[in-house]
Amino acid sequence: MEKLDRRYIFLVILLVVLVPLIAPVGLPVRVSREVQSAYDAVAGVPDGSKVYFAADYDPSTMPELHPMALATLDHLFSKNCKVIGACLWPGGPPLLEDALRRIGELRFGKKYGVDFVNLGYKPGNEVVMVSVGRSIPATFPADFYGTPIEKLEIMKGVENLDDVSMIVNISAGYPGTKEWVQQVQSRYHVSIASGCTAVSAPEYYPYFQSGQLAGLLGGLSGAAEYEKLVGKPGTATRGMDAQSLGHLVIIAFIILGNIFYFASKKKAP
Amino acid sequence: MRSTKSILVLAGFLLLLACGHVLTARAEDPGPASAAGASGPAAASVSASPSASDSSGSAAVLSGVLVSADSAGAEATPAEGAVRWFDPKRANIAIVVAVFFMLVLVFIRQAGKGASFFIRKIAGLDAIEEAIGRATEMGKPVLYVPGIDDVNNIQTIYSMVILGNVAKLVARYETPLIVPVCRAFVVPLAEETVKQGYLDAGHPEAYNPNNIRYLSDEQFAFTAGVDGIMLRERPAANLYLGSFFAESLVLAETGFSTGAIQIAGTANIHQLPFFVVACDYTLIGEEFFAATAYLSKEAKLVGTLKGSDWMKILLIAALVIGAVLETFGVTAFTRWLIVQ
Amino acid sequence: MLPAPLLNTMAALLTLAIFSFLYKDNAFYKFAEYLFVGIAAGYVVALEYHNVIIPNLWRPLLAGDFKLLVPFVLGVLLFSRFTSSFGWLSRWAIGLMVGTFSGLAIIGFAQGDLVAQVQANMLPLKTETLLGTFSNWVILIGLLTSLVYFFFSKEHKGVLGASAKLGIWFLMVSFGASYGFTVMARFSLLIGRLLFLLVDWPASFGFHWLH
Amino acid sequence: MKKELPLLITAIFGSFMVIDYFVPHPAVSAVGETLQQWAIIVISFSYVLGVANIARINGEKISKRSRDWPFALPLLAGLAFMLGVGIFGGIGQGTLFNDFYIYAYTPMSGTMFSLLAFFIASAAFRSFRVRTVEAALLAAAAIIVMLGRVPVGAEIWDKIPAISDWINNVPQMAAKRAILIGAALGAISTGLKVILGLERNYLGGE
């Protein structure tokens, strides 16, 4: 098996992903219970209320998580919710800014500082979470651009997480959903919906089952399901065919690899 | 040594109580900090107060201790409104944590006094010696990757404990040990650990500092570097013990393709599947932490292990009782445990 | 802002440089790799400057909040790690960070994982539906046997051995699920990059050939 | 001073974070808040330290002309460039800083990780061996979940998504919960030992 040049495998993978992107079939997306719950949780937030949007990801997981951010923001802005965004990953703020501007400003005509704000980044992971629960102005004295938050209309009357109606967390790993649940959900009783990478999704199922998470979007398929629910298919939906074919090929590789392995083992002795 | 530690901790707690008390006097005046609507100025006045306690010197601290002892006595009376010294809603967590703390401390104490505890066989660890033996027979080196995280991750520290034991074994067999490192600050730690292992085994001359190799801080550059070592130097035993991330599957696959015996261990659950399918032995989660106790026999590690085993027995009992009670519609116990 | 076609072409070339590693390790890949580390490092410091140092430290200091000199000095002391004779000074700041995280970890794990997860697992062993009853039994048995596997003070023999064996099977099913999810994640990232090369890059030149 | 003071600082900050949770007294919260603000500032310096370390190592690489040293030049240039335009030109949308973030940092970081799709495929073919019952269970669960999470699963057999959901929500959830509880015990006992000064390896050797 070692003799096989793995570049052939690489070539197969490239084709498997390329072809469905160029010539899509458009297989129907089915909504899972976890995603439906997340949608219902956001839908249940009072119209026009304030929501804390914790964008804890960076470019390394952007293809998976950015579509989730866009879809959930679309849902929030359609309910005229006011979005307070902040990041715990240093790589995050410009992505958050992109998502807020693209959906809030361009799609819904919302205004920065009035309908949404990007508080930027703070280091300290769990420390920042607990600290935000206590006092947002003390933790984020200024927004991403350095504007003192007293000057922002959206931040009027926002002292801590008691003043937001829910947390939407887009999570790439540590710090992310696990820490929000551990440090904030039980401490300050805020409802949290999580959109996370597929890698961490299995670890969060216990939190969803226990009710510590109001909903869970796992990976690109979770994003595609949410896009379907808000009725705005985007890049996640577009990637689903390639995703399907990719999974089939991996399964075929596992089976073939084992057939070759056991066949060669039988021959050897 | 033990007494200095206790004194230090005690002093810390007293200092905190003192700070707390000095602050109480101030915080009560302008009203509780949690008062809604008081944004900028209130926050500033509250956070300004500790500076007073910092600068007021030891006399104030001392008096603070005395007075706070009084107020601690008063905590039994039901506090009215905002000012309370204990949140009764969190009693469930306090009790669980306190019980666990006690178990851990009791067993650490016993282990420190020389009590020996049994640890079950962990196949992956017994296999380490076998793997080193095979590498020696084949005249090939042993590769030890201590994860890619920095020294602030406890897994990296524990990996160093295991590395010390591996170094001892390797020195005895006189086989080269290659340790690629991903973080600059881990390098001195790994060097000291391996040197000490060779010294303990009585072969300090066999230690080769060139085999502790700092490759890169960048995850994938490091991975490519380790791959290169595997393909060029063909180690016969690969040990991956520490905190691993996305590179796990690349390392395990390359090692598998070179035919080395592979033993992995990590508490990063999301990477375990790749180690399980491509390695001969995998230490799963807590097994990794047990490994350090197993190998080092250090009292605090062994005691901790025993303490958490007892805690698990209590939790299993609670789980069974809770499920049975729920089945018969008795929900009081479950409700008491709800985190508020 | 620089012209979009120029920026997109730069992004595309860097993307291709990294993909070239799949063929073999080469100078283009190495260049991109090193450049990436440099850009990421410069990015972080500039961001820390605007988002932390200025609003959380500098402005309050100017406003007279001098107790912030404590974390400032501790932070500066971290750099003593570069010297061998004063390296121990950095331990003060390390002590602060380790202490804070340890304390928060105790609380976080106790309330978020330990108590809440045990509590959530107290499910009735008989429900209205057969599937519900079966699932609850599986959840309870799965949790108990998996916990038994992580039991170190007794040899895994007899009943304990059998439970631990069942426990490892549950663990394997969970690792299988994780494997499946991880495959999904990795493909998503590749899809994202290819969509950029196929759609966004040509679009920056006004060339829309897909949809 | 070398060991005792750091241990005392650890003990104070650590125990305060614990006390803070159980004691609702406003005085305690005020101290807790201050300590947390301090921690945020110190941690931000630790990031700068990491970057300084990278600069130092690569600077040495160039001066010593070690292997691959010419590549350290774009690294240092990239670092200096981002730092310069970021600090002096601002970081918002439309700045040079943001342009290079979106069109250099983002594609490189994303592509780096997307290489894993190729490696995971090669690993599936060359090193996923079903040699034991355990591995067979792992493989079966992996295959069902892979099919169940994407639209093609339902096309093959309409029950697959439901089975995959059941696996995720029941057996896999139970095992992950056991791991969570175990890890929680580990983290809590480690935290306790750190605060009490029984675990002091993090301070490094003498």
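A, B, C and D are the chain letters, set down in written order, and residue numbers restart from 1 in every chain.
The working rule: a contact is a pair of C-beta atoms (placed from the backbone, for glycine too) under 8 Å apart; a residue touches a chain by one contact, two chains touch by 3 or more.
Quick caveat, the model's predicted, so the values are computed rather than measured.
Student: From the centre of chain A, which chain's CA centre is farthest?
Tutor: B
Student: More C-beta pairs touching across which pair, C-D or B-C?
Tutor: C-D
Student: Distance between chain C and chain D based on Cα centroids, please, to the nearest Å.
Tutor: 3
Student: Can you work out the whole-Å distance between the CA centroids of chain B and chain C?
Tutor: 17
Student: Between chain A and chain B, what is the separation of their C-alpha centroids in Å?
Tutor: Roughly 29 Å, centre to centre.
Student: CA centre of chain A versus CA centre of chain C: separation in Å?
Tutor: That pair's centroid distance is 13 Å.
Student: Would you mind listing the residues of chain B that make contact with two or more other chains?
Tutor: 47, 50, 90, 93, 97, 152, 185, 217, 220, 257, 269-270, 273-274, 276-277, 285-286, 312, 315, 339
Student: What are the residue numbers in chain D that touch two or more other chains?
Tutor: Residue numbers touching two or more other chains: 7-8, 11-12, 15-16, 21, 29, 33-34, 36-37, 39-40, 43-44, 46-47, 50, 53-54, 90-91, 101-102, 105-107, 109-110, 112-118, 120, 122, 124, 126-129, 134-135, 138-139, 142-143, 146, 149-150, 168-169, 172-173, 176-177, 179-183, 185, 188, 190, 192, 195, 202, 204.
Student: Give the residues of chain A that touch two or more other chains, as numbers and ranges in rising order.
Tutor: Chain A, residues with two or more chain partners: 1-2, 10, 13, 17, 60-63, 90-91, 93, 122-123, 127, 130, 135, 138, 144, 186-187, 198-199, 202-203, 206, 209, 218-219, 221, 243, 246-247, 250.
Student: Tell me the shape of the graph of touching chains, choosing from line, ring, star, complete and other.
Tutor: Graph shape, chains as nodes and touching pairs as edges: complete.
Student: Quick one: in the complex, what on chain C touches chain B?
Tutor: Checking each residue of chain C against chain B gives 21, 25, 33, 36-37, 65-67, 70, 81, 94, 97-98, 106-107, 110-112, 114-116, 118-119, 121-126, 136, 140, 143-144, 147-156, 171-172, 175-176, 178-179, 182.
Student: State the interface residues of chain A toward chain C in the complex, per the touch definition above.
Tutor: Residues 7, 10, 13, 17-18, 21-22, 60-64, 90-91, 93, 120-123, 125-127, 130, 140-142, 144, 146, 148, 178-179, 181-183, 185-187, 197-199, 201-203, 206, 209-212, 218-221, 235, 238-239, 242-243, 246-247, 250 of chain A touch chain C in their complex.
Student: So in the complex, the part of chain B that touches chain C is made up of which residues?
Tutor: So the residues of chain B touching chain C come out as 44, 47-48, 50-51, 54, 90, 92-93, 96-97, 117-121, 152, 185, 217-218, 220-221, 224, 269-270, 272-274, 276-277, 284-287, 290, 293, 305-306, 309, 312, 315-316, 318-320, 322-327, 329, 333-334, 337-339.
Student: Where on chain C is chain A touching in the complex?
Tutor: Checking each residue of chain C against chain A gives 22-23, 40, 43-44, 47-48, 50-52, 54-56, 59-60, 100-101, 104-105, 107-109, 111-113, 116-117, 119-121, 174, 177-178, 180-185, 187-195, 198, 210.
Student: Which residues of chain A touch chain B in the complex?
Tutor: Its residues touching chain B are 1-2, 135, 137-138, 150, 157-159, 162, 186, 189, 199-200, 202-203.
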